[in-house]
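Several structures are given next for inspection.
Each of the next two complexes has chain A plus one more chain, namely chain B in the first and chain C in the second.
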Partner chain A sequence: MGLLLVAVPVLLVLWLIVWPIVVAVFTTFQVDTPKGPAWSLESYSFFFTDGFSLGNLWVTIWTTAVTTVIVIAVALPIALYLRFSNGKLAAYIQSIALFPLFVPSILLAFALIRTIGPNGMLDTLLNAAHLPKIRSPYLTPWGPVIGLTWDNLPLTLLIVLSGLANVSTASVEAARDVGAGSLSILWHIILPRIANSLLVAASFIVLGLFSAFTLPYLLGPAAPEMMGPFMQRTFIDVNNPTEATTQAMITFLFCAVFAVFYVRSVASSQRRRG
Partner chain B sequence: MTDTSLTATAAPRLSRRIDWPGIGFAAFLSLVILVPLLVVAIWAFTEVWRYPSILPQKFGLRFWGATLGRNDVWSALSTSVLLATTVTALSTAICLPAAFAFARLNFPGRNIFFLSFLTVHAFPKFGLYVTIATIFLGLGLVGTFWGVVLIQLVSTLMFMVWIPVAAFQGVDRRLEEAARDVGASPARVFFYITLPQALPAIIAAVLLTFVGTFYETEGAWLIGAPTVRTMPLVMITFINSEVVVQYGAVLSVVLWVPSFILMLFARRFLGPQALGRGLGA
Partner chain C sequence: MNRRELLLTGTALASATLLPRAVFAEANRLDVYINGDANISDFWSNVIKPAFEKANSGITVNVVIARGDNGTTPIVARAMAALKTKQDPQVDVFEENDPLEAKGGIAAGLWADFSKAGLANYSKINPLAIQTPYGLPYRGSQVLLAYDTTKLPKDKVPKTWPDLVAWIKANPGQFIYNRPDKGGSGGNFVRRAIHEANGRDPSKFTVDNYVKGDSDALLAKGFALLQDIAPSLYDQGAYTAGNTASLQLLAQGAVTMIPAWSDQALQSISQGVLPDTTGLVQLTDLALCGGFSTSTIPTDAANYAQALKLADFILTPEIQAQIVGDLGGFPGIKWEFLPEDLQKKYADVVPKSIPTFPGGDWASAISDGWYRIVAPNVSRS
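Presenting the complex of A and B:
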């Protein structure tokens, strides 16, 4: 009875997630020879010797690293503030920081272009203040970094906040009573307890950025481009599904460590709740 | 908005000490999060705004009629609504019974099947879509409505199973047992006791699915191009190749409505802690 009720969604996962990945392993590691398919690393060696592909992979890694650091550097102080204060100002900060959850990335891209793009609001204000225009980050690698930071801030904040819930106010006050400074409290008491949450947040960002499409496509340069737009163009414009699948497998590979960590963390938190 | 809330909250604190970090965070976040959205909102109600004027030369609603009178907007809107409705209905129909089974019944492989939905989120999603698209090429599903439905359906599975499972597990079993003791049938217990208690979370999951599908861009493009044109794809065209800024601005405001409804609902039914835990923290 139970098996029957769960059959359809489970079969969907098998058909549309597990099966395509199995097929992808075969298509990318095999080439057709006159004697039938044979194992080969050809499509991977093409990717890793092609300067254009490597440039795209590199800009993806760069964007991911920079964005992850910025998002956590912005989210952590806000989360610490929210954990140890209350009142109307804290409530305002929390709701405004979570607001991007409810702004789809397609609308965000448009808003950012109108704000920091050429002749956007920022240029207008600089001009009014008789200051020189800045070089707009729009269509440079910094465009996606800004958009993706904006987009990832709320989820990171939520994850860090839920980690901070494990830090008891009493332990912080006890440390303060024996004369510990703010920094040493952060380093010795708070960070060890939220290290796991920070890693979950980082995994979340890494997995998201290796598959980000809309923001890099609209805000980033045409070349080098991030893996999302690159795969899309290889699949649709270049019409080379095998190469696109190889690129997909390479994103899986680069995210594997974070994916395993994320799955283990979610699975164990599910078990804890029964 | 920023000014009033700042003064309103800072004033009572003045008597003790000024909350400088709080004011700093509030000002910083208001600037980087609200200003870009405000700029779009102003553009939507602008008729003439030439650089480098700080404010529009002429406000007006002229572009609302022009945007909403476009055929591509209306056909994309009906495609998007039809897609989101189909995906949500299918997802509800297959996931809710499964969620009930996971929460209440014992069967072989229960845990492993339950965790199998995690695979959807354990890979970079776009790469996953590419591997699915390669399969769909062979099946002739690329460029079709149902191909897009399937790819969007997959990404709704985890939330549509996991959120209702937690809801069903949270239902007070003693109430159900009491109803059974006074002679209620299992079906009656389900519809009068179990379902009403789990309903807010289920509605939240359904709404999340509908809104998420409505804005889903990359799967629809990868599988649906060029025949299936959804609202986000029209918006991309406006961003890339439309000279008149107002079209994109008006469409942004219109497109934001589903998200706004979700936001109002989320504030009532989903606390930040619940959301954070759902993400695996």
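Presenting the complex of A and C:
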């Protein structure tokens, strides 16, 4: 009976997701010859010898790495503050930090053009304070980094917060009683307990960033472009589905590495509880 | 009622609503199929429909919105099938439809020939807009240059490609166009450069003459012109991600000039998104690309005579003036038939030619080539 219940979703997944993927992967290993399709690694060798494609892959890795570090660096202090303080102010800060969760990224992109874009609010403020104008990050690789940081903050914060729930107030107070400073409490008591959550958070960010589309599309430079817009453009505008699928396969392999991290960390934490 | 009965009745009721409703064309009700954006269907519902019904009592206009991936394509197929079986196609007017697209449609006599239909206003149509007598070009749009008159006075604005390039180089950072595949304004600016590099002769590029290699060499000449101006563009060679993003940069005063669609620019000015001080100009040596939307009427339409009346009606100077004023489009008729104040207001944008550029393989080659050649080849440090 239980099997029957899961049969429908499993069949749907097989039919609508797994099967198309298998078919698509096959097409990336084929070339059309006059005699019909033949096996070949041509589309992969094109990708890895094409400086333009590699540049796009590189900027995706760069954006992912920089954004992940920034998001965790921003989320961790906020999470620590929220975990160890009470009162109205903490509630306000939490709701502000979670606010980006409810803003569609296309609105965010156009709002960011207005604020950090040229002659935007930031420029106006700097000008009012008699500070020099800065070069706008809009249409540079830093544009998507700023947008994606904003976009990824709430989910990261929630994951880190749930990890911090594992840190008992008693153990922190005990450490403080024997004279431990704030930094050593963070390093020896808190971080070891939330390492798993941080890894999960990082995996989520990386997986999301690799397939990011709207923000890199609207805020980033024309070239190099991130894999999301690159795949879409290759598929629709350049009208080359095989190369687009190859790009997707390569993107998928990078994501798969992080998916393995994620699955292993979930499995190990379950075993510990088990 | 037990559970089984309830289920049965429910299923029966639900499937009844799934049955295709038997729709028959009513006498004197014109079914107008529209696959354009909301601004077009709103214009038909709020402007054309009431005006036409007032002028022709007894005839009603039924605006049918057929948006989506296929739009009106299946309806055209239905009209074609109905012609063969001599049945009612249940459509009287296609608001925007290329009569050349449905294979064999013209040969089979599917579309009304407007030049022989006795329309009183047909002779008013701008001859530049007529590609085939089977389509009625009643509204158009063209890419032109929008600029900030407070920084660039009207009498100093460049009106030819060489002048434009000279101006861009003399004013670094003040011009930006969007990536060619992300919106027609930048796309047609890129195509204008390709025209420029190939003797300003749009006839060199047709739907079926793209040849890999040879054609790429033609495109490369245009890309070289764009590479030449790239360092003088906004942020030493940045490109926005669409028509709207370019308009936004112009509105924020970050740049002085952009290429823009005439209808988007005119609408932005009338809605206050762009200030009143925005100027519009078209290049006089060869205009930027544009196009007209053509309406078609199937000859087997149940209300054929009334549909022709409607076709004549949308060409009247009153409706055409509203296409310019409300819709921001270009008129299908010659500008001289429009009110004088409108003519004066748009004197700089009235096109002397409306070049076009084919899509298909050409568009793919332009997108790929531009991203590889023009977009990255700049040091922006």
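Assume the second predicted complex is superposed on the first by the 245 of 274 C-alpha atoms of A that agree within 3 Å, B and C clash if a C-alpha of one lies under 4 Å from a C-alpha of the other, contacts with A are read in each partner's own complex, and residues count from 1 in each chain.
FYI, contacts are C-beta pairs under 8 Å (C-beta built on N, C-alpha and C of every residue); 3 or more make two chains touch, one makes a residue touch a chain.
Worth saying up front: this structure is predicted, and the values here are computed from it rather than measured.
Engineer: Do chain B and chain C fit side by side on chain A in the superposed arrangement, or is it a clash?
Structural biologist: Here the two partners, once superposed via chain A, clash with each other.
Engineer: After lining up the shared chain so the two structures overlap, which partner does A:3 touch, if you call chain B first and chain C second: first, second, both or neither?
Structural biologist: In the superposition, A:3 touches chain B alone.
Engineer: Identify the partner contact of A:233: answer first if only chain B is touched, second if only chain C is, both if each is, neither if none is.
Structural biologist: second
Engineer: In the overlay, work out which of chain B or chain C sits against more residues of chain A.
Structural biologist: Counted on chain A, the partner with more touching residues turns out to be B.
Engineer: Which partner chains sit in contact with A:125 here, chain B, chain C, both or neither? Use first/second/both/neither.
Structural biologist: The first partner, chain B, only.
Engineer: Considering only the touch criterion stated at the top, classify A:192 as touching first (chain B), second (chain C), both, or neither.
Structural biologist: The answer is neither, since A:192 touches no partner chain.
Engineer: Contacts for A:37 in the overlay, against chain B (first) and chain C (second): which applies, first, second, both or neither?
Structural biologist: neither
Engineer: One more residue to check, A:218. First (chain B), second (chain C), both or neither?
Structural biologist: both
Engineer: Who does A:113 touch here: chain B (first), chain C (second), both, or neither?
Structural biologist: So A:113 meets both chain B and chain C here.
Engineer: Which holds for A:135: it touches chain B only (first), chain C only (second), both, or neither?
Structural biologist: So A:135 only meets chain C here.
Engineer: Using the touch definition from the top, say if A:23 reaches chain B (first), chain C (second), both or neither.
Structural biologist: After superposition on chain A, A:23 lies in contact with chain B alone.
Engineer: Between 22-30, 112-120, 220-228 or 238-246, work out which stretch of chain C sticks into chain B after superposition.
Structural biologist: Among 22-30, 112-120, 220-228 or 238-246, only one stretch of chain C overlaps chain B, namely 238-246.
Engineer: Enumerate the residues of chain A that count as touching chain B in its complex and touching chain C in the other.
Structural biologist: 110, 113-114, 119-120, 217-218.
Engineer: Report the residues of chain C in contact with chain A in the complex, numbered from low to high.
Structural biologist: The contact residues of chain C facing chain A are 179, 181, 234-235, 238-242, 245, 248-249, 252-254, 363-364, 367-368, 371-372, 375-376, 380.
Engineer: Mind listing the chain A positions that touch chain B in their complex?
Structural biologist: Residue positions touching the partner: 1-3, 5-6, 8-10, 12-14, 16-21, 23-24, 27, 77-78, 81, 85, 87-90, 92-94, 96-116, 119-121, 123-125, 127-128, 150, 155, 158-163, 165, 197, 200-201, 204, 207-208, 210-214, 217-218, 227-228, 231-232, 235-236, 241-242, 244-245, 247-249, 251-252, 255, 259, 262-263, 265-267, 269-270, 273-274.
Engineer: So in the complex, the part of chain A that touches chain C is made up of which residues?
Structural biologist: 52, 55, 110, 113-114, 117-120, 135-136, 138-140, 217-225, 233, 237-240
Engineer: Spell out the residues on chain B that touch chain A in their complex, using ranges where they run on.
Structural biologist: Residues in contact with chain A: 5-6, 8-10, 13, 19, 21-23, 25-26, 29-30, 32-37, 39-40, 43, 51-54, 94-95, 97-98, 100-102, 105-110, 113-128, 130-135, 137, 150-151, 153-154, 157, 161, 166, 169, 215, 217-218, 221-222, 225, 232, 235-236, 238-240, 245, 248-249, 252, 255-256, 259-260, 262-263, 266, 272-273, 275-277, 279-281.
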